[in-house]
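The following pair of complexes shares a single chain, chain A, combined with chain B in the former and chain C in the latter.
Coming up: the complex of A and B.
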């Protein structure tokens, strides 16, 4: 007796994504035996940047993602600073960090409550939350009511995180204030006081609501510390420079394989992108991003995703808060659904505390911007982190214009399709073997998917093998 | 948590000044919401960054319901919104199909290359459905169509340059009249205010680009607090006019200088940055955001030809 079910779209993520899951009995347990994670949106940002002035890159690339635009602004200006070999003034650096940090923190809060929590509790009993997927609910009525209250509070805190970013950044989403050489905003004491109030309020929520809720979730759903692990390969580019020389970072770069506690040194030269299973020309596979090409072709045999497959030393790597906290030595309990949730919550605390420290370093009246001279010809790259993980921009200049631009987003690492050697993407690997109670409503798969905080709209097709 | 429709009406009353709602309108909304015929809202996302949805979550006004969660818990019957809705899969699509009386909100342009498959919104009857197909099936039945953000209204950034996925604005793709809430992203109050007008049964006067005149009737320049101040020659100078650094204020119609962003915290010019022109149908032009002076303006150098172009812009401003 076989059942065929299609569940599509998965909601509560950003963008467009599809996951095919085949469920079958394996050693007597009904579980995922095959999976395809697919990106369902192609816009071609790399292509319409070509021919533009390089100083437009931070504004164009922020529009890759309305949820985490600031990391793209940051990566773009870091790339341009590298191209011009410009050091930025401390006031510029700190403001960049504060706006980025605020984006991280509100994004994490948004993820836990708005995007992820409804996999574990029922939302308010009305649309748009009403759902029949009320499966494996373990919190009692009081706990659930408390979490829903926090859900609504989280919308407020997410909004305040965006307001904090706007204090220095002008507006969120899409700050106009990131420029090569520094930052446009001239900080005032009033702005510093205002940001400090937001930071205090966010930290209070993180310490007294978010972290306790994340710990409660990890306790009630303790089995999910053994579910959704995947490869255990973790990668971070590092982020939040704490000095203008870029020597000291809040999060250090590095990588580990198979959940090792000992991190290795990261080298940009080890990154390639593979496209055998993406809708891109095979001739563009295995290129380094500095030489990368984005040439779409649809349909294409074997292909099933609009994402490329970035690989580090040919290995699929998971990126995100867990990878960052692992490299910084703050968290290395394990790799699983709940480890991702916990690392994200603890990271929100660490960043907010750091923001309070950085705020005290702003010197009112000091410069925010150094004039830069971007060369007419050359190459450069900028590596940083987004809330969802490692982010890189690669630039080639010719005749003073952008001749080539490549972006590798965190979700590309996590949700990539199979690579040329047929190695599953990190999320695909994490979903494989997940035990599913009801193949028509595979909430277990949703929990794994959402633990990565994919920046995509998602669709899950569930097939039970015949 | 228990927010009534009455609270929503209070919010509409508060917004009345900004959006021209009268007491009669508020009464009409009340009557409409009391009946079961209140329009539902179906919100689709196409080729966009979802920034307009994120911006909508930043909604806050002076009076209850102050925020978007209170609005959602109150009278808005949001049938489908990919970021916030609980249901997934066929249950989510079935809710759309069961809805007869609805306002259709479109966020994102429509890619037409690759048979539209550069943006797939859901599966139905075992088949991938493109954003374009979804619009074709839902637009004819909508009581109103609101395009939210630059991508839906005009194509926006993904349609710029060589337009790799051959994006058409959702507004033109429908072939129907749409209300175009411009902006990259758009402001939450512009969305909520427009929906309130529609619930009141009012017509929303539109400009030649389909934008509500009540929102996009004046230039940024006309209301800029830095108007007439000394011209900045480089970034990082306090409270100077950013005209020579490429400010698009004179040709951009938006209420940012007095409405501001993120709960009145700031806006682009207040942060020392030039207006990028993000509500203008031409956004982003092929020119640098730091033109009309070109790249050299970025370093504070002046370039020949600037004056002529600025005179054109000033001329346009004068007409308003």
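Coming up: the complex of A and C.
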């Protein structure tokens, strides 16, 4: 008999995301035979940007998400750079990179120790670590104690990463420093020195604690290099410009299908969003984001998610650190739960090393922005990356105001529902077929879900009184 | 983040300003921040809780201002302590949906400082940047209660 289990891996109260799995015996093995990943949030933010000043976009979109305000700020100003055809001076580019880079690094550390570790070890016996599914624990007591000790250190490192970002970004989060044409802060030697100290401390932790822990996890749970793979379709928009011409990036854009080692050239024109299984009007399906519409319809036959299904050349694509590291040629061991964990850890190292190089490129006294003139009419987009994957903003201007705005977040790619051709979303595909020991507590599925670092904490925050 | 992390009282305005009345706490914090006070740090946190780990770790006492649903009439302003908050039935598995109280527990290893919460019962939680009239009307009441609570929390001067 099959068991239907609803996993609410992300939330306790609001229900921003849920994963429904059906577990049944298939060829004598108990496994996931059906899966639906649903986002429970309407994409309503885009609609109320309409009619506003274009420069409002970077302030408003930073508020979409409590986890990723910096990447949204980056994508919004890149969109306006493109609209005004403004080149960014090197000091502006580097500072944008440093603030975003620090955000990636602290986000990755947080992901490993706070979001993922509980799937493998029991947390400290204190609030709020009240209860977790204590099954398939393979680390011995000493190793577990070690990981918990590192978790406490990771909290400190998370803080250092934030302090580093604030050196140049000023206020954190919701930094006002990202502006079209560059960055507001004029860097000083003191700031460079201060940031360098943070970068050294972070690199020390990454090299001596985070990477060894990630490698230990991948070794103790080696079977998870064969679990949670999915399509093997990987996509990166690329990020961290390293020259003013925008040609050289720390992470190059590109895509691969079916785990190919050879990447192909990325073209923005190949992105569409499909809505057959989302609560959006079917007439708005298969639109390019530059012409995208967000028109809800509820209820709707077949629909089960408030997310749309972004597709690249009609293919579902996984985005995130593994995709970035694959395109940059730094990691292509495979696509699985542990490959995602390892690529994320190695990426933290690569970015921190790059931040140290970028610091040396800052020329104190050189300009930090170029004046922009945003046209009254036109279209533009800004493509970058957030810690959890590719992020794009698309803008249409009319009469000097925002006429349309579309945002495709990394989690939209990874957690998308089935598309018009009924192809599963990337996370759905990765979960399908996962062998489950206990259908009431499918920890194996949670490990797959969390390896993507899904982010759906994007809206309401209401406390409830007793 | 750029504020002095050693403080007696940390005042955190919580909620999403893009979701109508959910932004009431942030709006109140913005107005409070216009009158700086020694030993008191006011932050408009919004939903970006994990960006305030230094204040979460170090503040001697914490005042949260937020929309709180407790079934009262919209616009009702109440003062709660952290023990009044409903944390029942929670199975903590991901920091993606972390509440500020969870964050305090994580970063202070389960030892909570004094935490007070000023809550206003929301009328509308939906996409939009405007507070409802019933909420706008009680912002002065929230400010007065916040100032009174802050002075009680910071009874000793630095």
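Please note the rule applied: the second predicted complex is superposed on the first by the 439 of 466 C-alpha atoms of A that agree within 3 Å, B and C clash if a C-alpha of one lies under 4 Å from a C-alpha of the other, contacts with A are read in each partner's own complex, and residues count from 1 in each chain.
What we mean here is this: contacts are C-beta pairs under 8 Å (C-beta built on N, C-alpha and C of every residue); 3 or more make two chains touch, one makes a residue touch a chain.
Being a predicted model, the structure only gives us computed values, none of them experimental.
More residues of chain A are in touch with B than with the other of chain B and chain C.
In the superposition on chain A, contact of A:173 is made with both chain B and chain C. With both structures placed on the common chain, the touch criterion links A:53 to chain B but leaves chain C unconnected. By the touch criterion defined above, A:221 lies against neither chain B nor chain C after alignment on the C-alpha atoms of chain A.
Looking at the shared chain after the overlay, A:237 reaches neither chain B nor chain C. Contacts of A:446 after superposition on the shared chain: both chain B and chain C are touched. Within the superposed three-chain model, A:346 lies out of touch with both chain B and chain C [touch as defined at top].
By the touch criterion defined above, A:67 lies against chain B and chain C together after alignment on the C-alpha atoms of chain A. When the shared chain is aligned, no partner comes close enough to touch A:331: not chain B, not chain C. Once the two complexes are laid over each other on the shared chain, residue contacts for A:454 go to chain C alone; chain B is not touched. Once both structures are placed on chain A, chain A residues 9-14, 16, 42, 44-45, 47-48, 60, 63-67, 69, 110, 114-115, 118, 124, 126-132, 152, 155, 158-159, 162-163, 165-166, 170-174, 446, 457, 459-461 are touched by chain B and, in the other complex, by chain C. The touching residues of chain B, counted against chain A in their complex, run 1, 45, 47-55, 57-60, 67-69, 72-73, 77-93, 95, 111, 113-115, 117-124, 126, 128, 156-158, 160-165, 184-185, 234-238, 261-263, 265-268, 270-274, 276, 278, 284, 286, 288-291, 294-295, 298-300. Of all the residues in chain A, the ones that touch chain B in their complex are 6-16, 18, 40-45, 47-56, 59-60, 63-67, 69, 110, 114-115, 118, 122-124, 126-133, 148-149, 152, 155-156, 158-159, 162-163, 165-177, 179-186, 194, 279, 296, 298, 306, 367-369, 371-373, 400, 446, 457, 459-461.
Contact residues of chain A toward chain C in the complex are 9-14, 16, 42, 44-45, 47-48, 60, 63-67, 69, 110, 114-115, 118, 124, 126-132, 152, 155, 158-159, 162-163, 165-166, 170-174, 446, 450, 454-457, 459-466. Within the complex, the chain C residues that touch chain A are 1-2, 14-19, 22, 44, 46-51, 53-54, 57, 64, 66-70, 78, 80, 84-99, 101-102, 105-107, 109-110, 117, 119, 122, 125-129.
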